[in-house]
Amino acid sequence: MPTIQITLIEGRTPEMRHRLISDVSAAAAQALEISVEKVTVALYEVPADNYGTAGVPRALA
Amino acid sequence: MPTIQITLIEGRTPEMRHRLISDVSAAAAQALEISVEKVTVALYEVPADNYGTAGVPRALA
Amino acid sequence: MPTIQITLIEGRTPEMRHRLISDVSAAAAQALEISVEKVTVALYEVPADNYGTAGVPRALA
Amino acid sequence: MPTIQITLIEGRTPEMRHRLISDVSAAAAQALEISVEKVTVALYEVPADNYGTAGVPRALA
Amino acid sequence: MPTIQITLIEGRTPEMRHRLISDVSAAAAQALEISVEKVTVALYEVPADNYGTAGVPRALA
Amino acid sequence: MPTIQITLIEGRTPEMRHRLISDVSAAAAQALEISVEKVTVALYEVPADNYGTAGVPRALA
């Protein structure tokens, strides 16, 4: 606790995804004044066909 | 806001997924009396081995 | 299948939430060319303190 | 109802995933004293680069 | 890992929710052949106005 | 995009939750090299009866 779930468009390098996990975990732990050991992060990558704002898929935007 | 997340069995064409994003966004905006610009949709496709009702994976149903 | 999850700021009337469930279910069924009986919707209401874009909680925006 | 969503590291066999769906559905139905027909399970598999505790991606742990 | 998220209609006793967490965790650990220490469960309770199948809110069904 | 969802035990002050939204948004934007305007965060607070690791609800731990 807490559990952090991040949905993002696929295509980032493993290094960028590792950094995302590391930096978001650290930020959450600091904001909540808890140990980073308590934080879990999962990334859900979706293709640009599967994500859209205002009804427009990212693949077409 | 709102954020809409849809889990579905993989295998639909990009065109069908685009239409799903578009139509669900429009329906949500109209029901909530907000601009469609405020609506975000993400689709999570899972294989038929990963989804089941009544304890039976779709792949076996 | 599909399962639709909608996160929204709390405060809508039950009637508006019922309409959201009904209209989004119908739109998804039509877009996916399936029976509406197959669609499940869950609404997750969060307070304005718990939702933000660009780092700004809705409660302060 | 209920809807159960399980995030796990990718790599399990289909047989193990089928058993996970079956056994978790049965356990939930029994604990809630409902029919297993009412239970839906979805599995979200993520690569080891996309999951981490304490800020450390599983791929590096 | 794994992270299990269960959405259910509100109204169960704490004892029933505790049993749900306990039994589902045990079932998942056994199915995946891992220690139960690795399993996390979160329950999301929603009112009957906020959940529906076939477009019909549970509150009206 | 990205959409960040954080599940945590209820009980934090609004100020702490605002800081969590702000700091996690900033960390994600920096790690992904995108504008913070693109980041959305939602917090889902659950009671200690509804969250558990190793099969033990937090309320009993």
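Order of writing sets the chain letters: A, B, C, D, E and F. Residues in each chain are counted from 1.
In this section, a contact is a pair of C-beta atoms (placed from the backbone, for glycine too) under 8 Å apart; a residue touches a chain by one contact, two chains touch by 3 or more.
This structure is a prediction, so every number in the text was calculated from the model and none was measured.
Given the touch definition stated above, what is the smallest step count connecting subunit A to subunit C?
Each step joins two touching chains, and the minimum needed here is 2.
Counting residue numbers used by both copies over all numbers at the interface, does the subunit B-subunit C contact come out same (over half shared) or different (under half)?
Same, since most residue numbers here occur in both copies.
Among the chain pairs E-F, A-E or C-D, which one reproduces the interface of A-D, with more than half of its contact pairs identical by residue number?
Comparing residue numbers across E-F, A-E or C-D, the repeat of A-D turns out to be E-F.
How many angstrom lie between the CA centroids of subunit D and subunit F, rounded to a whole number?
21
Please tell me the distance, in whole Å, between the geometric centres of subunit D and subunit E computed from their C-alpha atoms.
For subunit D versus subunit E, the centre distance works out to 11 Å.
I need the residues of subunit C touching at least two other chains; which ones are they?
Each of 1, 3, 5, 7, 22-23, 26, 40, 42, 44, 51, 53 in subunit C touches at least two other chains.
With touch defined as at the top, which chains are paired up in contact here?
Touching chain pairs, listed by label, are A-B, A-D, A-E, A-F, B-C, B-D, B-F, C-D, C-E, C-F, D-E, E-F.
Which stretch or stretches of subunit B touch subunit F in the complex?
1, 3, 40, 42
Report the residues of subunit C in contact with subunit B in the complex, numbered from low to high.
So the residues of subunit C in touch with subunit B come to 1-9, 12, 16, 19-20, 22-24, 26-28, 30-33, 51, 53, 58.
Mind listing the subunit B positions that touch subunit A in their complex?
Per the touch definition, subunit B meets subunit A at residues 5, 14, 17-18, 21-23, 25-26, 29, 36-45.
Show me the residue ranges of subunit E that touch subunit C in the complex, using the header's touch definition.
Counting only subunit E, the residues touching subunit C are 7, 44, 46, 49-57, 59-60.
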